[in-house]
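Per-chain residue numbering starts at 1, and chain names A, B, C and D are given in the order in which the chains are listed.
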C-alpha cells in the first residue's frame, strides 16, 4: 500500500475522472439524443459504468479505489480502512468530485458556478436512492469478499443497472451528490441532504446484513 | 457454506433485488423511451443482465445465487442441492420475488395489488419460453461445470440475449412469473401456468441433455 | 474430450441456438424498432455477441464450440482438429443452423420455407465479409493461443464490432449463410456462393498470417 | 517476444483493423441512425471499444498491441520499450492507420483521397482531448501494472467512456488523427496539430503522475 499522500492523490484524481465521465456523458447525451431520455440514459449509464470499472482498476491498487464517502464509511466500519483515515479520504473524494464536475462543465462550455435547479425529492426518490445504494454495497462487500478480482467489474455493472432501475438519479455517492448541487442537471441544494441520508441508510443496511451473513470472519476477511 | 437460515435470507434478498432491477427497469424504460419498444428492450435487457451477474457474485458464495425455482429443481435433480432444501429455497425465492416487485412498484408510484392484464399466450410464446429456458440451463450447467468462475457472467449475458431473441417475455423463472401476475406489465394469471410449464419443460430438457453429454461424472462434478 | 457422437450433438445444438439467437433477435429488432435500422443493429449485434460467448462457454468444453465451417477448416489446417473429423463437424453445424433458423421463424410465426429475396452482392459486400472474417479468425487464433480463457469473450466481442463496421451482413460463417437462404431477411441463394467464398478467403488469409506470426510452434500450441 | 519484423507487422495489421472498425462503424452508424447522433455514438463507441479489446488480445502477445504513437512514446519513457524501436513502431502504426481508413472507405464506397472538412477546434475540444488521453494512459499504466490480464478490457472499456464524455472526437491517438485528415468525417488538417499536441500533453501528464504514484519500481515493473 502506498503512503497516505499518494493514496489521497489517487482518490482525488480518480473521483475527479469519475465525475468528468458521468457528468460529461450526461451533457453529451443531452446534446446528442435530442430529448430522447431513454437513449441518453442508455448512453450515460453504460459509459459511467465502464468508466468506473476502469478507474477502480487503475487507481484501486494505490488507494482502494473507493471514490465515495459511503463506501469509505462502510470500509471503516468493517475494519478494512483505518478509522483515522476515513476523514482525509472523504475530503479527497469531495475535492476530486468538485474538480471533475468543474472540468466537465468547462469542456462543454456550460456555466458551473450556478445553483442546480433540478428537483429530486419525495418518497419514491428516497426509496430509490436507498435501494440503489443498498444493492451497491451488497455487491461491493459480497463480491469483494468472494471474488475480489471480479469486484471492479461487478461494482461497475451494478451501477449501470442501478442507473436504469431507480427513479432517482442513482448518485449512490455523497461526494457526487454534493458536487452536483452546482451547474447543469445535478440536484437542488435543498434536496441534497435527504438524498445523502438515503444513501447512507442504504449503505448501513447492506453493511449490517453482510456482517451477519458472512459472520465474524466477514469483519476481517471481506 | 452458510447455515440454512442465512442461505434462505440470501436467496430471498437476492431475488428481491433481481425483481426490483428487472421490474424497475421496465418502468423506467416505458417512461423514458416514449413508446420506443426497441429502445426500452435494449435498456431493460442490458440492465437486467448485468444486474443478475452482480447479484450472483454478491450472494452466490452464501446460497448459490439461484434466485429461480427452475434452477433450484435442476440443481436438486443433478445432486447439487439436497432435495429437502429445494422446497424452502423455492419458497424464499417466491417470497423475495413478491417483495422486489412490490418495491419497484412503490418506487415508481405504480399500484401493485391489481391483476396484470398483459396477454402472453399461444404456441410462439410457449416455444419461445421453452427455448429461452433451455438455453439458460444449458449455459448454467455447461459453463458452471467447465468454467465456474465465468458462470455468473455467462448466465447474465445469456439473459440479455434471451430477452432479445424470444418473442415471449423471457421470464425463464417461475418465481418471477408468479410475482408479475400483479401490477403493471407482467403476465395475466390465466396465462401463467402454461408459461411456467414451458419453463420447466425447457429446464428439464437441458438438464437431461447435459447429464448425457457430461456422462455419469456430470451428476457429481457439474 | 467427449466421444465423437456427443461432440457432434454439441456442435449441432450449439449452432442451432446460435441461429435461434441471431435470427430471432433480427426478427424482434425489426418488429420493435419500427424501422429504426440503427437501433435494430445495436440490439441484434449485442445479443448475438453475448449469445455466442455463452454458447462457446457452455458447449466448448464438449466439442470446441466452433459452430462454423470456416473455423472448423482453419482448426484442421492448423492441426487442432483431426482432418477426418472436419466433414462430420461441418455437417453437424449446417444441420444445426437449419434447425435453429427454422425454430426462430416458428417462434415469430414467420414462414421459413420460402427463398430469401435479400440482395447482398457487390465488391463492398465482398470486401466487408472478407475483412470481417479475417478479423474473426485473427481474434480466434491470436487470443486462443495466448489467452484461451478469454477467447470466448474476445470472439463474441469481435462479432459485435464486425456486425457494426462491415457493410455486409457479417455472417462470417458458411453454415449461417446457407441456413439464411430460406425465410425472411438472410441472403439470396444467388448471392450466397460469393459471400461464402469471401468468408473462406478471409479465414485462410488470417490463418496463414498467424501461422507465420506464431512460427512453427503456432501449428501445435495455438 | 517475436522478431522486430513480425512485431511491426502485427502493429501495422492491428492498427489497420482498429481504423477499419472505428471508421467503418462511423459510416454504418451515420447511414443507419438517420441523423440520430446519440444512437450513432452509442453504436460507434461500443463497437470501437470491444474491437480494440479483442485486437489487443489477438496481437498484443506478438507486439504489445499499442496501436498508438502516444502509448508507444509513454512505453519508451517508462522503459517498457527499447527507445530505438519507438520510431519504427510509430511508422508501422501510422501506415496501418492509413491502410485501415482506406479500406473502410472502400467498403462503404466513400471517396477517401479528399481532405476532411470536419472542424474540431477550440479550448473545449483541446481540454476534452487532453482529459480523454490522460485517462486512457492512467488506465493503461495503472491497470497494466496491477492487473495485466484485465488491461485489454480496461483500456477498451475506457475508450467507450471517453467517446461519450468528451466533446472532442476522443481520437486519443495521433496515428488515428493523422489518418482521418482524409475522407469523410475525421478532422481538418489545420486542426490536427493542436489535437495531437493535446493528446501528447495528456499522455505525458498521466505518465508522469503514475511514475510518481508507483515510485521507482514503476519504471521497471509496470
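Methods note: contacts are C-beta pairs under 8 Å (C-beta built on N, C-alpha and C of every residue); 3 or more make two chains touch, one makes a residue touch a chain.
Since the model is a prediction, treat every value here as computed from it, not as a measurement.
At the interface between chain C and chain D, under half of the residue numbers appear on both sides, which makes the contact a different-residue one.
A straight line joining the Cα centres of chain C and chain D is 28 Å long. Once the centre of each chain is set as its mean CA position, chain A and chain C turn out to be 40 Å apart.
The residues of chain C that reach two or more other chains are 36, 39, 42, 46, listed in rising order. The touch graph of the protein chains shown is a ring with every node of degree two.
In the complex of the two chains, the chain D residues touching chain A come out as 36-39, 41-42, 45-46, 49, 123-124, 127-128, 131, 135, 138-139, 141-143, 145-147, 150-151, 154-155, 157-158, 160-161, 163-167, 209, 212-215.
Residue ranges on chain D touching chain C, taken from their complex, read 2, 6, 9-10, 13, 17, 20-25, 27-29, 32-34, 36, 39-40, 42-44, 46-48, 50-51, 53-55, 57-62, 103-104, 106-109, 149.
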